[in-house]
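These are the structures, in structure tokens.
Next come two complexes, and both contain subunit A; in the first it sits with subunit B, in the second with subunit C.
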Partner chain A sequence: MKMTKYNRSAEPKTPALFAAASRPVFGRVFECGSAGLLRAATYFVLCCGLVVLGDIALKGGRTVFQAQWPFVNVSFLTQAPESLHVFEYAGETHEMGDAQFRAFRANALRGAGRAAEPSSPNISGEQGSAVPAIRSQSYVYAAGGIWPCIVGTVLLVSGAMGIALSLGIGAAIFLSEYAKEGRFLRLVRLCILNLAGVPSIVFGLFGFGLFVNFFGWNVSLLAGWCTLAVMVLPVVITAAEEALKAVPSGLREGSLALGATQWQTIRRAVLPCALPGILTSSILGIARVAGETAPIMFTAAYVVRDKLPWEVERLGDFFFQGVMALPYHIYVVSTKIPQNAYTARVQYGTAFVFLAVVGLLALGSILLRGRLKKTYTW
Partner chain B sequence: MTTGTSATRAALPLADKLKPKRVTPTAIEVDQLDFAYGAKQALFDVNLELPARRVTAFIGPSGCGKTTLLRCFNRMNDLVPEARLTRGAIRIHSADIHAPEVDPTLLRKRVGMVFQKSNPFPKSIYDNVAYGLRIQRGRRSRVQLDEAVERALRAAALWDEVRDRLHDSGLALSGGQQQRLCIARALAVEPDILLMDEPCAALDPIATAKIEELIAELKRRYTIVIVTHSMQQAARCSDKTCFFYMGRLVESGDTQQVFSKPANPQTAAYISGHFG
Partner chain C sequence: MRGLSEPKNPPAFQIHKRSRRIFGLSREEAIRAFFGGQALVAVVVLALITVFLFREGFGFFAQQRAELTRYRRSGVEFVDLLRAQEKAHGELGRRLGLRGEAADRFADAIVPLRALLGELGEWALEIKESEESRADGAPTRFGEVAEITAQYPKIEDTFGELTAQLGTITESSPGLSPEQRAQLEKHLSGFGATLAKLRAWDAEKPVSGWQAARSFFFGRQWLTASFWQDFYGVVPLFTGSLLVSAIALGLAVPLGLGAAIYVSQIAGARERSVIKPAIEFIAAIPSVVLGFFGIAVLGQALRALSQVEWLAWLPGFPYAERLNALTAGCLLALIAVPTIFTLAEDALASVPRALKEGSYALGARRMQTVARVIVPSALSGMVSAVLLGLGRVIGETMVVLLCAGNRIAIPDFSAGLGVVTQPVHTMTGIIAQEMGEVATGTIHYRALFVVGLLLFLIALTLNYSAQKILGRYRLPSLR
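What follows is the complex of A and B.
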């Protein structure tokens, strides 16, 4: 009976049932419009990313690369920052780094037959008319390179990630393998969640108060490592715990059923399988640790330091020295010195190298992860 | 590895000497066992004796407690929070396995287990089989390990299929091969009891037939307890059958007798397919 009723009413309309015209116009427009909006939003994001990266690559590339062999500006990558001296001499404009300028000036003086007072302090400026005066305009940090900053950033990142990974994986193993669900575990998770929400400048202040002042480590690598490690711990713990939880429980049971203790099971069956996942999270951690300026500006970073980190007298001093770092260098060059035509070059060059360093560090762990994944996939 | 056969023959007596096994005619004795997960009781007053070097099959509908009982034998239930023995005892070769001085890891070395879902480690075939030996105390030479791995793989009827690719991943094997790899892994530790929790549930009939052949072969040296949902499998490969229902042992006896002349009407209904 139902059939007949349906047939009677539907039969005339059947041909048009699936035709596009049967849908209301507004519906179709809305559908297309919303899809178009989402598409536009995605393209906008893409454009933003490309513009930022392109800008840095374009401007920074000019500093880092050059037209002649060896195509890379070696001195920018391998020297310490210097002041740039711009001066006119014998009718030509010269641009020189500090060391080069001193040598040039000494030469010029000797040429003028006045080598008797090579170390005269006011030779560059208001000299008597007897000497050929070299009036130079000097720009801080505009010459030389950023090698100490690269070294400092790599040291900061590797040390901080070392501390964060060992602490974080330890805590994650405890949380996922040993701890029983309960009030304590909820408290721990709440703490981790809160830690993740703390702004990085607060971590900087915390590190300054605890490590630098209270422990008396001064502005040092160690203080920076600890501050950065505390900052990135929540990321590492959460991700490591997820990775451990993702290891199928069958592997744990299989191992235990063979007479393995719980630690043996974790060490030999669970952890190897979780490592790729943990490394993925550490890639995010690396980017965060390398990128943050706030936590290190009170704890580890020097504006300028002429010694490289390994030029220490005793091994112990290594941990208690401040370092230069790429993000802090960008900050200093952009805000702490008078801006001029020469600083932009350093800023963008540093930013470019900074991105490259972070990229290389991340690439390292991606490759490592790939190798582990090949062996330990279930 | 290639010189395996002669080396194996030489090493066998030594390996036998290393087995300090006390074997009684009754392998497992379950005495008035009550078992509960928290407030939910899973086993009620189970009394059972399993003969050594025989195959015993546990049958029954899902949730009847057969797997729970199986996992009591090697104390895998210790891992489940709040799961505990509320009454009774389990004795393996007349030693109470829930006595306070018992180390579950030592127990599990004597009572091996194969799971429903094959769970080889994501390591090479060789490392999978050697796993149980490597976690034990004492260093073993490479040669000793090689021999033990070959022996276990031969015992699990997998050697001929994998001898050329021992260092390939265990996960590259087919489902049936993976399950036999898990059996080999359990045998490498040289247990005397082998628990099998629906070992063929995820396998096709051919792989199942291979496992059943293997079980028939293994019962000459091992006591085997197998949980199965397949009545035919229980009938084909077991010597003794125990039927569980709602946490109680309803009937146990010679497989032939249970299947031809079940004493209990519930058993009769279950094996003839009226419920479950």
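What follows is the complex of A and C.
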């Protein structure tokens, strides 16, 4: 059969008058319109996130960063919180932290006292007349820094992640290497999934009832560690299991073929391969543990504490002391003191430091996980 | 065959390997058991949480029953029936909006009842407190309640006076509208029922456990640390939680699902690689920081927005409370969107390509494919995503504690959609707020545990139904 070449130009042409009518206008408008609407929705969400982050970064940055070297307000990060005193003296308004204010006042009293010596003709024995009365308006927690909170958060996170990682990696090893399909495995998986959906305040309640009251540990680091570990356990187990499953089975089979036992296989072939993945995925767990307030509210956190965690008399006391924590400090500083220009400084500064820490952890986790996913192509 | 056995090694080469057995298990089995024990921890913890919440919670109902019995036997319940009348009078006054002389007379009309209430109330309170603090074996004062109920004729007279007073107000105020008159009539006709209740009240009627449970699950008042009587009704908290969640989902579901559809179907690869991590990053913002943002910025911004003149047609605008359900709802929506987005996007991306290609092959446009082929086949995933978002939002504590206004009362739904601008309190918020102030073992402590139990069961139900709908088992918090 002879194939003739298709002659495009021999097609009947639509007259120009009807060309517009044959184009599906409604369809195209609907397409572009709805796609545009969806794009707007997506970018609106991102915008909202950006507004929140930007606001805290801008206003918090004013407290945390400074123009001179070392560019970071080190005193904010290394001092304990104290009250801010705002007062007028010699016609000027001063703002000072508590310790500084007391020193200033003592100085001022001493200076006025010197003027009240017998050599001065003005004073006639009245002690109070030449001493300037310094009336100050004080705002609790509005001065000083957040050092104890940072220390407390670091301690809580490290202890909780230690417990969670040791339990979680063991559980993941069992689930992926040892377990056979059956009732027990289904039960464990069901429990892990349900545990992931429990609200954090219920964990706090559970920790309060069990660790603080029933075991009698009172508000302590131990109770906080256990509560936070239990809360982050599902995340760690799932992450570790993912990492273990990504190890190609050829590695295990080769090891077993060479005569290694199961445990030897896991220890020498599977775990070293999976460990980077496990640790990377657990960074997200660290971000969650650091960011949660409700579990530590009644189990580990104090509103204010004048001793740092390592200032204990006995080693045993270390585990049974409560600590200050960053998220709880933000809560206290937002609710227990009024909103004004002075308190806004420390509020935003604390929120900025906290957000920076958690944000860096989360960002690291997202980026590293993305990079690792690409290397999982064996 | 006989005689064919393994050649025995000469003595020097015989293998002497003793296998050590710990608790009757070989080393491999022991290691397996060790790891199995660690996997069991998740099961144990969930069981412990359930057991603990139930244990502390069920103690509540027994204590509540004893409390309600004391409430009844000391006559406080009787006085509260009268007090309800006084409150209704005050509410009626607010609704009528009387002015001038009529308003003064209306206010004066309740004075005799209030005086009677004060007298009887003090008496009943004394009886109740003496009952709590008396030593064992000391005589109880419950007998005096009979004297309180014997005051019924005096109460009847007071009601009669009140009726007469309200009648004169109705007659002598010509400016009253028909609705106002109707409301007054309705109020007066309710007196008969109240008097009947007072007559029929019996101090010795036993309180059943069922009533104690009802007083919690359907009680409309949560009042603690009151000098009069503590009430533990969860309805105001539950409605607060539901209201805030409804606002949050109302904002988050369109945005989250829309973003998921956009990212999985329309966006290019580069755009996707930017948007997905960005939304995951929003999920990592700690909730206490969002709560602080709400107090510091959003509350005031929304209030200022509501005062704008050309927005006054919106229900509930303008309003004066900076911290209310709307502020909390907006922030909770920001928390819920990443959850909904991640799961919905996963569901949409796992629709088989053949469906999409077949639809294109039949000549459908892109949005037609999305709307008629892809979304329906991913619907179970999207519904499950919404349910998990709801679970996340109901369980959120810090945002509602900081931003929702903390007023423990059932929101006034007569304002229609404007109810969103009222301050509310939620179940999570009440636990966080009051747990630090209660002593262990008191009825208040147990009541908070029951609220926690309710939350736990709600979250478990939502989680379970979401998984059932999804059909496969995935963890929502990761990814």
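Note that the second predicted complex is superposed on the first by the 318 of 378 C-alpha atoms of A that agree within 3 Å, B and C clash if a C-alpha of one lies under 4 Å from a C-alpha of the other, contacts with A are read in each partner's own complex, and residues count from 1 in each chain.
In this text, contacts are C-beta pairs under 8 Å (C-beta built on N, C-alpha and C of every residue); 3 or more make two chains touch, one makes a residue touch a chain.
In this text, all values refer to a predicted model and were calculated from it rather than measured experimentally.
With subunit A as the common reference, subunit B sits beside subunit C without any clash. By the document's definition of touching, of the two partners only subunit C reaches A:V202; subunit B does not. Once chain A of one complex is fitted onto chain A of the other, the partner contacts of A:T261 extend to both subunit B and subunit C. Once the two complexes are overlaid on the shared chain, A:A269 sits against subunit B while remaining clear of subunit C. Look at A:L360: by the touch rule set out above, it reaches neither subunit B nor subunit C. Residue contacts after overlaying the shared chain place A:F44 against subunit C, while subunit B stays out of touching range. Of the two partner chains placed by the overlay, only subunit B lies in contact with A:L251; subunit C stays clear of it. Look at A:L58: by the touch rule set out above, it reaches neither subunit B nor subunit C. Touched residues of subunit A, counted separately for subunit B and subunit C, are more numerous for C. Of the two partner chains placed by superposition, A:V29 touches none, neither subunit B nor subunit C. The gap separating subunit B from subunit C in the superposed three-chain model is 5 Å, by closest C-alpha atoms. When both complexes are aligned on chain A by C-alpha atoms, subunit A residues 261 touch subunit B in the first and subunit C in the second. Residue ranges of subunit C in contact with subunit A, taken from their complex: 27-28, 31-32, 34-36, 38-43, 45-46, 48-49, 52-53, 56, 254-256, 258-259, 261-263, 266-267, 275, 277-282, 284-293, 295-297, 334, 337, 341, 365-367, 388, 391, 394-398, 401-402, 428, 431-432, 435-436, 440, 448-449, 452, 455-456, 459-460, 462-464, 467, 473, 475-478. Residues 27, 30-31, 34-35, 37-39, 41-42, 44-46, 48-49, 52-53, 55-56, 167, 170-171, 173-175, 177-179, 187-189, 191-206, 208-210, 213-214, 230, 233-235, 237-239, 242, 261-263, 281, 284, 287-288, 290-294, 297-298, 327, 330-331, 334-335, 339, 344, 347-348, 351, 354-355, 358-359, 361-363, 366-367, 370 of subunit A are the ones that touch subunit C when the two sit in their complex. The touching residues of subunit A, when paired with subunit B in their complex, are 180, 248, 250-251, 253-261, 264, 268-269, 272-273, 375-378.
By the touch rule above, subunit B contacts subunit A in their complex via residues 74, 76, 79, 81, 105-109, 112-113, 115, 117, 119-123, 131-132, 134-136, 169, 171, 182, 185-186, 189.
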